[in-house]
Amino acid sequence: MSQAAEAISGTRDAHPHHDGAEMLRVSDLHAFYGESHILHGVDFDVKRGELVTLLGRNGAGRSTTLKSIMNMVGRRTGSIMINGNETLGMKPHRIPRLGIGYCPEERGIFASLDVEENLLLPPTVRSDGMSLDEIYAMFPNLYERRRSQGTRLSGGEQQMLAMARILRTGARLLLLDEITEGLAPVIVQALGEVLVKLKERGMTIVLVEQNFRFAAPLADRHFVMEHGRIIEEISAAELPSRREHLNSLLGV
Amino acid sequence: MSATQTLTPAMQRRRQAKLRRNALYLVLIVIALVAPFVAYPVFLMKVLCFALFACAFNLLLGYAGLLSFGHAAFLATGGYFTGIMLASYPGLTPELGILIGTFAAVVLGTLFGALAIRRQGIYFAMVTLALAQMMFFFFVQAPFTGGEDGLHGVPRGELFGLISLSSNLNMYYFVLAVFVIGFAIIQRTVHSPYGQVLKAIRENEPRAVSLGYNVDAYKLVAFVLSAGLAGLAGSTKTVVFQLASLTDAHWHMSGEVILMTLLGGVGTLFGPLVGAGVVVSLQTQLAQSPLGNWVSVILGAIFVICVLSFRSGIVGEIQKIVKKNFK
Amino acid sequence: MTMIFGVPLMVFMGQLMLGLINGAFYALLSLGLAVIFGLLKIVNFAHGAMYMLGAFVALLGLQHLGLNYWAALLVVPLVVGGLGMLIERFILRRIAHLDHLYGLLLTFGLALIFEGTLINFFGVSGSSYPTPAALEGGMNLGFMFLPIYRGWVLLAALVVCLGTWFVIERTRLGAYLRAGTENSALMQAFGVNVPQLITLTYGFGVALAAFAGVLAAPLYPVSPTMGSSLLIVVFAVVVIGGMGSIIGAVITGLAMGLIEGLTKVYYPEAANTVIFVVMVVVLMLRPAGLFGKEA
């Protein structure tokens, strides 16, 4: 279906799996922590159902980009459109209600809550989230440990919990920050399988990753960041031919 | 090799700043010397005593970052001990009485300080407040403090056994001397290497620890010094007014000294002096006006306004303006 | 007559009961302080004033509006809690980004304003609030004489403390509160309206203080200064117990009341100061407090 046909047929939400519709568009985004200017005009877009990665070296501004989308940094200018809504002027707690789930780099598991409380904590933002049963089926470890204190879990389990908790809310756009960091290869592989399942469900995913080998087979497009800007966009199809160029950008 | 002394621009600026500061001190001293001929000496003495109290408090809050909510205890301890000694031993000269009172405050400061620095931030404030309240009850109940009435008729006596302090003018110059000594001690401390470490601890305690500084020892010394100087202020005040009372030990007093410092400018040398001047004047003026009963409400309102929108205090704001316009 | 270390049993138990009543107030107030501290990270120096306002609003409501005791128990915490929410929304929120010591100073200023204003209108000498008719009189339990009102205060305070514990530890709202205490930025990123949660929390903590004030009205003279002296003792209780645990706050409050009561029996001169002495001992032996986690 073409863009024009979609416009005629009514709201975009009527076609949740429609490819090509824009889920997220970030334009000329600048972000500041106090006096320091972190992002210098970030531009990228994510289409519905896509999985894109933000690649780059440490300090390139990838995590800050995600935080800026959630309005968790100091000052921001530019534009962040989510599902056609400008969110730059929105209060932080309104943004997730547009159907966004955020998984922070430090995972953010609450020590004073047990696993199930952690899981049930984020308010539902849309009605069609995964049920608790579905989540336990996807992450059986969490079911076994549902009464444990959140921070008693292993690193991998905590990461599963941090992901699982935003799946329950009905979020359709997931912002995942360094989910494989410091985890054993088996767990990284399991996380990859989870991401594949989420894509099949039509989720849109923005992945900040260090582990390119993990991200490469999953992603539709890659954005490379440096000094607070997107400097390169590489689609999955272009990847084999531009692999070396990418490696040189990432310094690997 | 010839030791030619070339001044870098930074050294020149520092030298100029020092000159300017010395000129300022000179002007202030002249003003202070002439003041009793212009204003009431008793009022001036009250301001000086509270200014010293506030300077002592500021040493702790402004330079070590420790908010004590119990400094009234040291003011009162100095006052009571001096009062008791001077009232019980007629032969004792006032400066010795004041030294004894100050020493008592130092001892108390060592005990309270050692306890309070075991907790940080908000807990430090609560601990000092509670300890001071304990002292308040002690002063209410102890047989030698005159309970609710306080200690009256403390003799001013003769300084060094020579100069009668019954004249307000003599008394004033003595109080001025005490203040200048106290202020000089604080000024020297703040600008000494010790003061620099104190500021480093205030800015980033974990870093100071990792650099190998014994943070607790630094804090304790600051606390004891501050308590001693607060005691000196209380002792001197007792001699001036020939009275030591529970007002000095009440938690309101601990709050007032915070207000003086905040209003004048936390962490500035002259802020507490200015703040004490403003608060004491205000209290004196209000007491004679129909608003006399509203003093504590007005002080409370000033507190709120200071915290909400005047956090640099009078001197701090002036410094900002000077920096903006003259540099 | 049974004697306990030279004190008649009835007297001993009576003092213990008085201590326990005081302890109930310490528990209610330190609980409110702990709840507020958890999310706002400020120590609410206006807490004593809010307790005092609770008693005053109840008294004035009775005198001018015919608001009876039972209605006051419900209405007054709502009214004073509402005032607390206004204070948070329009004053405390403006300094939320600053060093938390400023919160202490600001609420200290507010306490002075409330206390001073009421002194101007009502003087420092207290007025008495009549004991509600249904709770007059007492019971002889054999080993002690229990005034019914005191028994009620103890019961009501315990029920409210347990209720608060239940809400915080066992409900979804409580989970928000605990999580917000740990990481409020992430809570916002999940779509929780944290500023609103903070306003409600402050209002709730203040309402607890006001509830304590209504309970206290028939027991103690209702005076503008009734809150400040109590609050300083509560601060000591908080230092002893630490503000990290709800149950800790309640247990410490009750225990300190009991210790105070015992001191009144055996060494009355020290009754005013014994809690401060306990605080000193705790600071020496266990600086983080009995239930504290961090120093």
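Here are a few things to note about the model shown:
Read from first to last, the chains carry the letters A, B and C; within each, the first residue is number 1.
Heads up, the rule we're going with is that contacts are C-beta pairs under 8 Å (C-beta built on N, C-alpha and C of every residue); 3 or more make two chains touch, one makes a residue touch a chain.
Here the structure is a predicted model, which means the values were calculated and not measured.
Taking the mean of all protein C-alpha atoms as the reference point, the chain centroid lying nearest to it belongs to C.
Centroid analysis (C-alpha atoms only) places A farthest from chain C.
The count of contacting C-beta pairs peaks for the chain pair B-C. Chain C has its Cα centroid 45 Å from the Cα centroid of chain A.
Chain B and chain C have Cα centroids separated by 33 Å.
Mean C-alpha position of chain A lies 56 Å from that of chain B. Contacts from chain C toward chain A in the complex involve residues 172, 175-176, 178-179, 181-183, 185-186, 188-194. By the touch criterion stated above, chain C contacts chain B in their complex at residues 37, 42-43, 91, 94-95, 98, 100-102, 104-106, 108-113, 115-117, 119-120, 228-229, 232-233, 235-236, 238-239, 269, 272-273, 276-277, 279-280, 283-284, 287, 295. Within the complex, the chain A residues that touch chain C are 70-72, 91-97, 102, 104, 108, 110-113, 117, 120-123, 125, 166, 169.
The part of chain B that touches chain C in the complex is made up of residues 67, 69, 115, 118-123, 125-127, 129-131, 133-134, 137-138, 140-141, 251-252, 255, 258, 262, 293-297, 299-304, 306-308, 311.
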